[in-house]
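In what comes next, subunit A is part of two complexes: it sits with subunit B in the first one and with subunit C in the second one.
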Partner chain A sequence: MSASAFNRATPYIFLLPAAVVLAIALMYPVGYMVWASFLNWNPSQRIGEAEFVGLANYARLLSDMQFRESLTVTLAFAASVVSIELVLGVGLAMLLDRKIRGMSVLRTLFILPMMIAPIVVGLMWRYMYHPTVGIFNRTLKAIGLEPVPWLSDPGWAFVSVVIADVWQWTPFIFILSLAALQSLPSSTMEAARVDGATRFQTILYVKLPLMMPVLIVTALLRMIDAFKVLEVILVLTNGGPGLSTEILALRISRTASEFRELGQAAAMSNVLLLLLMALTAVMFVYSKFTEMRSRRQVA
Partner chain B sequence: MKHDKTSPAFFVLVVMLVLMSTGPILMMVLTSLRLNVDIMSDTSSLIFMPTLRNYETVLCNALWYTPEHLGRCDKTFGRALGNSLLVSVTATALTLVIGCMAAYALVRFRFLGRDVVSFSTLILRMIPPAVLLVPVFGIWTYQFGLDGTLSGLVLVYVAMNLPFVIWILQSFIRQVPIQLEEAARIDGAGPFAVFFLVVLPLIRPGLAAAAIFTFRIAWNEFLLGNALTDRGTRTVPVTIVNRLTEYDIDWGVIMATGMLLAVPPIIFTLVASRQIITGMTAGAVKG
Partner chain C sequence: MPKITLAGVTKRFGALEVLPPLDLDLADGEFTVLVGPSGCGKSTTLRMLAGLETISGGEIFFDGRPVGALEPKDRDIAMVFQDYALYPHMNIARNMSFALRLAKTPASEIEKRVKLVADMLNISHLLHRKPSELSGGQRQRVAMGRALVRDASTFLFDEPLSNLDAKLRGKMRTELAEMRGKLHKNMIYVTHDQVEAMTLGDRIVVMSEGRIQQQGSPEELFKKPANMFVAGFIGSPSMNFITAVLEGRGQETFAISPGLCVPVPSSAAEAAGGREIVVGVRPSSIHLEHPRGIPIELRVVVSEYLGAQTVVAARTPDGTEVLVEIASGRRFCAGEAIIMQIVPEDILLFSKESGLRI
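Our next item is the complex of A and B:
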């Protein structure tokens, strides 16, 4: 091989291993799943033996009340956690946006909940929600209040999983908005102060609009992740009581392993994938859009 | 650096936040140091004799002595710990090598299909493990014959992490001055030498961030681990969930298990929080 041909091939050589792995272990399975969603397939069959049923799996999803229920739960869960976390995270970032000693220690402590295994997060919260020995009910009893059925009442169970997620992921929004706040041009803040803006006005009319691009991307990232949450809820409630906390990811895993209907599970996975793809596309288009706008402003 | 004055109210707020975010973790540590009789008793007291018995129970086959309180040693967890370590370390190493080569090619070379590649990396990033569950189970079992093996698990984890790692490393490679690479090339270095001797040492912080994120996902993952492993190859999260479904939960032992699973990520966070935060912000801000 001549030197120049080698140089021309270099990018492809560098890309090759990644392309091979992604092709056989990510793209192929996704394609396989799309195909499987048209089959009536159970785990003891090879895929070739499964019967082709066309759109029957999707048709069943449309009339499946339990699937619709879990779709509603998923959307409600994602909407609640993202909005609560946004308000708390951005609020805290505004409050803590000053030069204080030990800020890096603080940030380190705040990211701990995100790094720990979701299984373990579920474990900790399940213990704290324990009806008799958990800290919440013990405290309630100590101050003379009725204990709360944290995980055994449908309404409370939903609240409980939302609280656990808020605990784990608010720091993510906090850290990103703090980074955004600290990268704002100080001359703009100076100008606002000179013009006599109060602290509150500065936040509302100057800081928030300037942070908006980062906030929107952060919210979308969190939203995508909220659709993927599975382990914390699995450990806390396993979807129950009833179907009150059965999010889509959990429903998929149960349809596959308990009900042994792989075709049906594949159809559900497809719906989840489409949802996530739509969100990712929105994020991509939005970031391209802001990029273009800022480039035009510079020029 | 000039520090702002802090008011008492601000100080109280900070202390409360720290308590809220670390409280549940501390509670897990404390619980793991108590016996189950103690935990389930009605009197909740913060004063108790801490004991390492739960850890001895969990790690009984990795200890050099036989704990007295145990009649029979349950080897499940010790074995799972070994499996988890092996899988996560291998997956992390492979992902880093493969990922940074790809990221380098995407940043530094103009070639056919480059935009397609970087767009599909972005799209692949959001595939959740739950979506991979059905197809990966089918393919690994019936086509690759990888079910119940650790290499099957490594393969999924590498593929799952690659898109994110490529994406993160791209932003670090972009900051390497191209003049350095050109200088090396003029001195007669080939593309591989430039990559391994010039670029890699300069993006060490990025590599650290990518390594921590990959390790964390492989180490913490449950769903695919549960579907693809058998008795001998189970990872730690799978054993924890299996134990939780038992009717009578021994909270002390299970919290000790949870602690052992949580310790590596906690250590990484304390050592490399700056890299983690950089990785996190690069992920969102440079979308």
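Our next item is the complex of A and C:
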């Protein structure tokens, strides 16, 4: 190898160890999962002993009513939590984007739920939702209302897990929205005031459009997270009653551990992965698009 | 167009008083320039007029009507901001029409007014662009346009030209002066640039440390400055101040400083109130030759050739720095000793203690 060719190769040689580690640590499990999804594989078998069934696992998913139910629950869950969290988070940010004494303390309090481990959040809410000793039903009873079957009724159970997730993750949207709001140019808001915009019109016509790039990315991040949520629901309802709160992540974990169908679980994981990749692609395309637009504007 | 009155208006941030009680009357249809160094309270005053800043005391009247508690939109004002403050997500047409759309003006009327103003400001070809696609000068025009479309009775300008480069600033200044002639509106303009103040203002209000130092026409401020601050602030290069000692010689009194001897009327000598007096001379009032000139001894420090004129920085024998602005033609060497002539009518005298003109 000539000296110049060697020089040119140097950066790649330095990159090689990292690339190898990445390939093994990232690609190997994914490849393993993709391969497993083509097998009829029981945990008692070694992977080499499993029978190759081609796309049969995927074909079965199409007709599997329970999987479809799970997918629907997941989509409904993600859509509800993300939209509620967006409205609450952005609303809170608008309310707290001002100079009030003790604001920093208030802000810290608001983001506290995000710092708690999900499993703890699940346990906490399970106690609060408890039909007899939980704070909610005791309060309802104290003011003379009927207790609510928080976790035992399919409809209420879904609402309950949504409430718990909203409680934990609204702060995420809140802090990002607040940061976005505070980075908006103050003179533009003043110009809107001089132009005759009310507080509400300023939010609607100036603040929200200017925050939009941040909000879209935030919503996508939350969406991806919501698709993968497991612990809180596992602790709260374990997917029940019936399949009312059995989101995809939970279904996958049960398929693998309870039903001992590793191939089927792998196929489900791949479907989830594809869904998430599609979402990520949307995010990527969006950021590329805005970047391109701003570059064109500078030129 | 309302007559605007500020009566004892003050501004405090907590315990800090940034603006002591301020009284100011702005006549109908006048172009008023508030000028002063940064931190003198001129922008705060403008923002209080706009309603963007609350007033801590006193009251603002538009035609006798108190407006201190009103929102900006209820004051019939339009404002041009220093950083333009355009709406980045709207195109130029929508930026200009935002206020009209909020006021639910009919679409045909909006279109007509935007077109009229855009034609006037030469920005018709930019209407479909976003602010980020425009140059600084174009954004400046759009900001003006957005204010003009409103057809408000009072226009407020907060250092609108200070983000532009020197050449463009000169051009925009000329255009503003032209626009002023056409509009006949109340215009209140804040700047730290005395050249802008002199070229644009019908009336200039010079402020320093929250207080009005003097107000008047550009000529008044230039020829009859009330005190040393105004004298030094207005005019470029700024006025030379030479401290001199009063000395009676026979019937006459002279202000004497090394290298300079200026006759002082006895009334002025009395008004000085002490043994010392400050002689103020504009750089343009010192010449190489003058038939009735008062001689001043100078030693050249550096000479700056500016094309049409040369600015010479020199020192008197006691080290006071003196700037001289003369028509180019003669070159000066550093260290050169020279005797120049001051035009006697152009000499101003100031009290050493109070800084007031005598």
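The criterion applied here is as follows: the second predicted complex is superposed on the first by the 276 of 299 C-alpha atoms of A that agree within 3 Å, B and C clash if a C-alpha of one lies under 4 Å from a C-alpha of the other, contacts with A are read in each partner's own complex, and residues count from 1 in each chain.
We take it that a residue touches a chain if its C-beta (ideal position, glycine included) is under 8 Å from a C-beta of that chain, and two chains touch if they have at least 3 such contacts.
The structure presented is a predicted model; accordingly, all values stated were derived computationally and were not measured.
Superposition model on subunit A: subunit B and subunit C are shown accommodated side by side without a clash. Legend: residue contacts after superposition of the two complexes on their common chain; A:Arg138 is shown touching subunit B, with no touch to subunit C. Look at A:Val162: by the touch rule set out above, it reaches neither subunit B nor subunit C. By the touch criterion stated above, A:Ser187 is placed in contact with subunit C alone, subunit B being left untouched. When the shared chain is aligned, subunit C comes close enough to touch A:Val206, but subunit B does not.
Between subunit B and subunit C, it is B that contacts the larger number of residues in subunit A. Looking at the shared chain after the overlay, A:Phe284 reaches subunit B, while subunit C stays out of its contact range. Rounded to the nearest 10, the angle at the Cα centre of subunit A between subunit B and subunit C in the chain-A superposition is 90°. When the two structures are aligned on the shared chain, A:Leu75 is found in touch with neither subunit B nor subunit C. When the two structures are aligned on the shared chain, A:Ile175 is found in touch with subunit B, with no touch to subunit C.
Once chain A of one complex is fitted onto chain A of the other, the partner contacts of A:Ala197 are limited to subunit C, with no touch recorded for subunit B. Minimum Cα-Cα distance between subunit B and subunit C in the superposed model: 7 Å. Once both structures are placed on chain A, no subunit A residue is touched by subunit B and, in the other complex, by subunit C. Considering their complex, residues 50-52, 71-73, 77-79, 81-83, 85-89, 98-99, 102-103, 130, 132-133, 146, 150 of subunit C touch subunit A.
The residues of subunit A lying in touch with subunit B in their complex are 7, 10-12, 14-15, 17-19, 21-22, 24-30, 32-33, 36, 43, 46-47, 92, 95-96, 98-101, 104, 106-113, 115-121, 123-128, 133, 135, 138, 167, 171-172, 175-176, 179-180, 214, 217-218, 221, 224, 227-228, 230-231, 234-235, 248-250, 252-253, 256-257, 262, 265-266, 269, 272-273, 276-277, 279-280, 283-284, 287. Subunit A makes touch with subunit C in their complex at residues 185, 187-188, 190-197, 201, 205-206, 209-210, 212, 294, 297-298. The residues of subunit B lying in touch with subunit A in their complex are 1-4, 6, 10, 13-14, 17-18, 20-22, 24-25, 27-28, 31, 39-40, 44, 97-99, 101-102, 104-106, 108-109, 111, 117, 119, 122-139, 142, 155-156, 158-160, 162-163, 166, 191, 195, 216, 219-220, 222-223, 227, 237, 240-241, 244, 251, 254-255, 258, 261-262, 265-266, 268-270, 273-274, 276-277, 280-281, 283-285, 287.
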